[in-house]
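Both complexes below contain subunit A, partnered by subunit B and then by subunit C.
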Partner chain A sequence: MDLVLQLLFTGLGIGAIYALVALGFVLIFRATNVVNFAQGEFSMVAAYLMVVFAVDLGWPYWLSFLLAIGGMALLGAIFNLGVYYPLRNRTFLPVIISTIGASIFLANTVLALYGPQPQVLPGWFDTPGVQFGPVYLDSQYLLIIAVTIALVAFQYWFFEHTLLGKKLQATSQDKEMAALLGIPVARMIMITFVYSAVLGGIAGILVAPILFVSIQMGSTIALKAFAATIIGGFGDVAGAIIGGLALGVIETFGAAYISVPYKDAFAFLVLILFLAFRPRGLFGERVAEKA
Partner chain B sequence: MSAARAAARAASGLFGSVVGHGLYAILAITAVGCAATVKTDGYFANILMQAATYAIAVFGLSVVLGLCGQINLAQAAFFALGAYAVGLGTADYHIPFWICLAAGMAIAFASGGLLGLSTLRLGGHYLAMVTISFQQILTVVLLNAVWLTHGPDGVSSIKRPDLFAQGQAYLALAVAVLAITGYVVWRLANTRLGRAMRAVRDNEIAASAAGIDVYRTKVAAFAICAALGGLGGGLFAGGFAYVSPDQFAFSDSIVFLTMALLGGVASPVGSVIGTGLLILIPEWLRFLKSVPGLYLAIYGLAVIFIVVFMSDGIWGFIAGMFRRPATAPARPARSLVLKPADSGAPIALEVRRLAKYFGGLKAVDGVDLTVRRGGVHALIGPNGSGKTTMLNVVSGLYRPTAGRILVDGVDATALSAHRRTIAGLGRTFQNIRLFRSMTALENVVIGAERDGNTQVEDGHAATVERARAALEFVGLGDRYGDLVTSFSYGHQRLIEIARALAGNPTVLLLDEPAAGLNSSEKKFLHDLLDKIAAQGLTILIIDHDMTLVAGVARHLTVLNFGRRIADGDTVDVLRQPDVVAAYLGAQ
Partner chain C sequence: MNFTRRSVTAGLSMGLAMPALLRHARGQSAPMKIGMVLPVTGPAADSGKYALTGAKLALDRVNKGGGVLSRQAELVTEDDQTTNPGAVLAFSKLAAQSDIVAFLGSIRSTQNHAMAPDIVKTAKPVCFGGTDPALTKLGNPWLFRFRPNDTYSGRVIASYGVETLGKKNWAIIHSTDAFGTGGAKALTESLGKAGATIALDQGYPNQSQDFTPVVLAIKSSGADVIGSYFTFDNDLAIFARQLRQLGVTTPWVGSPSIAVSGAVKLAGPALFGTYGVADFAEDASAESKEFAKLYRAVSSVPPDNYSSWTYDAIGVLCAAIAKAGETDPDKIRSAILATRGYKGAEGEYNFDQFGDGLHGYNIVRNEKGAIVFDKHIEFTD
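This part shows the complex of A and B:
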């Protein structure tokens, strides 16, 4: 029982990371109707930025964090202008291919600059964690869960209770109508990309002390996050969060009770099962294309 | 129809123009001859071997991506399946090379098919992510299932067939296989299956309305792509006698994709150009490989640049400059034969208590509709009365909430859209849905190829003949070779009608055909509908233009708020007070 609780805690922590990245997927998907296959790379780049600022240069953790987040905002903007915007009027296929190109480019540019050795990023807190009854609560996992809750709450408030949030929602639901109502659609999409890059960046910085900081971390996280969005129902915000958490838990239990080397295969298995039996996910419902 | 006949129909079109084939044969024989005789050093021979085997896999991508518009980010995994089948089969289990090669192709074909079956009902994003997953899982398995795959050590001392044991002979074999697969892929575009793939790529809804099984077509494209990957991989394993997991990573799938995109996915020529360039260029830029990552970073950037600035690839760009103008028809088209009014039971289409709810909205709420054979039946009603929803339910795009639909007396309620087309429904769309990359004739040929079209059972020539007749019938016979995008809006509507007519439907469903037409185009449409009706074909038409409706329709059904408020002879119905009220408002 103790082990189960411990695994549940760890699983929720990892799942929160998937949920954050999945949220980035969903936001961009809703704004542009394309999946950004470089979403995981945002996490990877942010983690490397943290390594540069906090480890290599030895700057304070909070300052490094702010700089890394600023860097991600910039990357999100450049990404929008270079990868999405020129293709905005084409079908989704060229955009997918373009974001995959961007993903390869980002991962390998970091590889060229930083070499293949995985890096270590220390956690935010000096205290490793606290014992809470039978469960050991690792401080970094606690932080991840807390930040995820805070970000989800912020996002809810932002989209439901601010004018900018409403405009973003309008853009994601009907770009043409939004434009006719005077909403600057291009700027809204820009904001979405910047916000998604920041979201992915925060996830990367939070998870980096748990995993090694490596070139592969982006694609691994992205794959899991995408599986999470399918489990939750594609394009659904609550679904992405619950799907992420569920996947983290499934994977942690799978690794503990079934097999460690094939840990990464569980996400794929769950993905296939959902695609085969419940392709709309737990919450999603897509409307048929209008003929 | 027998399977052999179906296969013959699917393959008809493989043999087209004589000049093109002659050129291709000469080129292919020269290439194989050179590969077999010209002495090269080992380094260059290796590059050629790699290029030839890779290009076969890239042909696969030109099928799935170029013809069918679906993405595959796991071609290196399918390549690996072929390579490991030949590697493990010949080295560990001493099975003859040819059997291993065939088995590798079969395994790749089956995995591609299964992957497609699980995903292709959904959008392209799912396919992209699932193929990435498959690629990564396969790499994990190749590395960890050491008992089978030797893990990271890879498989060595892979055998070749005895006849081709010598390096030069084997290279000639690879080039010959390349030439043959290239030929098949080249001609595939103009077969029935190839046209179906292109139709799916251009417009899935229109493809299913033309009687194409969209899902099966996509799965077929995907499985063919995977099988070509397996074939290339098997030849690769024999060529290099050694394979290891790191040769077939995700990055290699991206390399395959880049090769296809750079050359141009529309043609196997593009595949060869792209593959050749992307194997030669890195050899010239070997120094880049000294910095890990730099080389792939440039690949990634190249992908973005190609997609943004050169979406058709190198060959697409070159071929675009030499697009041949259509030649005038040598002989006039025959006249179009449609289903006469006495071709069956008196009721052609029957709808009973049909309902379609969207959540709480009752778009269609228990409507009965009986369309008599040989007449023009109009379905009218104010905006939002449920007309188009009704048509979409009848043609199978929406599932009904309740009710039954009988086409020609046969219950079609459970059939998918393309099966209803096969059962005898033909339709057009309110917002025109043509296959936009194709010519007018190709669009109409796809309509004529409907399974169950009794008018075209004598093979491809008869199909083309019927398509030309249908275009002639709508007055566009002399422009058959033009791309549909070069036609005016009104003419595009006519092509859509011709596409539906070519399939020889039992009932023709027209969804607001007059919408957006000017007065002379409307006049032409009116005359065309009279001409169709004169042959006795049953028509169910939706339109707002009362002059048109009152002029062509004998029978009228009026909907309002999803319910039938009137039904009967046109003249009588138009006099009913509630119909007048629904249209003009109560007095």
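This part shows the complex of A and C:
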């Protein structure tokens, strides 16, 4: 039982990371109907910004966090203007290729500016974790789970109970109708990109003390987050969260009870099963209605 | 101007001979090109930077000493992207340049396996750092290893763990790539001969984000010592941290990756008190000290085997070309194989018939982040 609890905690912690990045995928997909393959690089850039501010410059952690998040908001805006906006009237394919190009550009820019050495980013807490009965609770995983819950709650409140949230939803559901109703569609899409970049950035900053800060950290997480998005149902916020958590738990238990070397295979086996038997994912009906 | 038969003949002769003379002169002055496949991008990009620094230090030394065959030596590099397809592509780009006389391959066994068929076709010497023993037993006459292979690391890890630490119940943790599986196999064989038992043989995929299941398996296995073959620094560091967080304090003797600067920096206190086999140890010899001094003058990172093997490879290769007296691949190959008693940063090179230059390892210990040399174990069989 102790083993199960330990694995469950770790699986949920890792799943929460996938879920945070998957949320960014979903938001941009809902707003623009394209997949942003640079979402993982948002996490990587934010983690490097934290290293620059908190480690290299030695500024307070909270200030470094705010600056890194501010930097990500700016990057999201630039990304929208440079990568999405010029291609907004084209089919989805050029936009997707554009996001892939942007992800390569971001990774190589950071490589050129910062060099290839992986970096250490300290966690938020001085205590690495606490022993809770038979289970060791890593403080960073606890923080990740807590932040994921808080962001999901915030997102629910924002989209369901604020005018701006409703405008964003309207834009994501039907851009032409939203424009006819006087909603500034371009600005709404800009806000979506900014928010997605911030979400990706938060995920990167949270995971960096566990996985370290490296150029490829974003792509490693994004691949699983993308799978989580498909499992949950592309375009569904609840699906992204549940898909991410499920993926984390499945691969952790699969590794412990079946095979560690095939850990990644379990995640992608589930993905293949969903693509074969339920391609819309767990909560995919809304996308079908939209189409 | 008077044209005599003699002056016309002399002029014609000069005219005919001049292109050949110029070509010869240009060949004499043109740099001696050595190709190098290294990771500039991807998860091992940091090790590529170290490898390049080591190679450049050796080249500077060679060139300051007059070069090779009176020509300045020069590196031509290609990025392997830390992937097998990337390595094959990088090598094929270099192999297409006919003026490259020899190559430096990868420190990663799996990439050398991937490049091996093209290396046979190119038929020029390739110095590499991968430690999978099979690489020099492929029947490929152009592969020369500049690190001790894992039959030696397995023997040293087993010998140190069983005889010095007195531990006989082992957990072997290894990457599932060619390096990790080759190393684990060698360690298992050595432990069998030493009378030890294997409580756990656990592979993991590279770039794992979580090692909790592996650590829990170690705890439940009852092993009293860990032997490891990790390929990437970040995997090793994540494992080390989770190992300590989940309360495992079992002694740990690792392959060289446990003592490289990247892993030591990332893992921090989680690696304190661990042991490792290391082909490079700063205090092992006068040559290793000299290399460390040169390296520290140009790098803020401490030297390790990523840079020491390329430093030695360039040194041995240039000495072999000089000894061969020309750049004919067969003659360079024979000269490398004939190398005896070359004192490099990693140890003394005595090439055997298979192309293995080194036959022993150092034992080092992580003392609060400092890698301390313990002893060198050399094998003659």
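Basically, the second predicted complex is superposed on the first by the 274 of 291 C-alpha atoms of A that agree within 3 Å, B and C clash if a C-alpha of one lies under 4 Å from a C-alpha of the other, contacts with A are read in each partner's own complex, and residues count from 1 in each chain.
The criterion applied here is as follows: a contact is a pair of C-beta atoms (placed from the backbone, for glycine too) under 8 Å apart; a residue touches a chain by one contact, two chains touch by 3 or more.
Values in this document were obtained by computation on a predicted structure and should not be read as measured data.
When both complexes are superposed on subunit A, subunit B and subunit C end up clashing with one another. The partner that reaches more residues of subunit A, of the two candidates subunit B and subunit C, is B.
Within the superposed three-chain model, A:I272 lies in touch with subunit B and out of touch with subunit C [touch as defined at top].
After overlaying the two complexes on the shared chain, residue contacts for A:I78 are found with neither subunit B nor subunit C.
When the two complexes are overlaid on their common chain A, residue A:F37 makes contact with subunit B while staying clear of subunit C.
Contacts of A:P116 after superposition: both subunit B and subunit C are touched. In the superposed pair of complexes, A:L142 makes contact with neither subunit B nor subunit C. Of the two partner chains placed by superposition, A:A186 touches none, neither subunit B nor subunit C. Applying the stated contact rule after C-alpha superposition, one finds that A:F212 touches subunit C and leaves subunit B untouched.
In the superposed model, A:S98 makes contact with subunit B only, not with subunit C.
In the superposition on chain A, contact is made by A:N108 with both subunit B and subunit C.
Among the options 235-243, 325-333 or 541-549, the segment of subunit B that ends up inside subunit C in the superposed model is 235-243.
Within subunit A, the residues touched by subunit B in the first complex and by subunit C in the second are 107-108, 111, 115-116, 215, 261-262, 264.
Interface residues of subunit A, counted against subunit C in their complex, comprise 3, 6-7, 10, 14, 107-108, 111, 115-118, 120, 128-129, 136, 138, 210-212, 214-216, 220-221, 252, 255-256, 260-264.
Residue ranges of subunit C in contact with subunit A, taken from their complex: 39-43, 45-46, 48-49, 176, 202-205, 207-210, 212-214, 216-217, 220, 233-234, 237-238, 245-247, 262, 265-266, 268, 301. Considering their complex, residues 29, 34-35, 37, 82-83, 86-87, 90, 92-94, 96-98, 100-113, 115-116, 215, 219, 223, 226-227, 230, 234, 261-262, 264-265, 267-268, 271-272, 275-276, 279, 288-289, 291 of subunit A touch subunit B. Subunit B contributes residues 65, 69, 71, 73, 118-119, 121-126, 128-130, 132-134, 136-137, 140, 144, 205, 250-251, 254, 257, 261, 291-297, 299-304, 307-308, 311, 388, 392, 397-398, 429-430, 433, 511 to its touches with subunit A in the complex.
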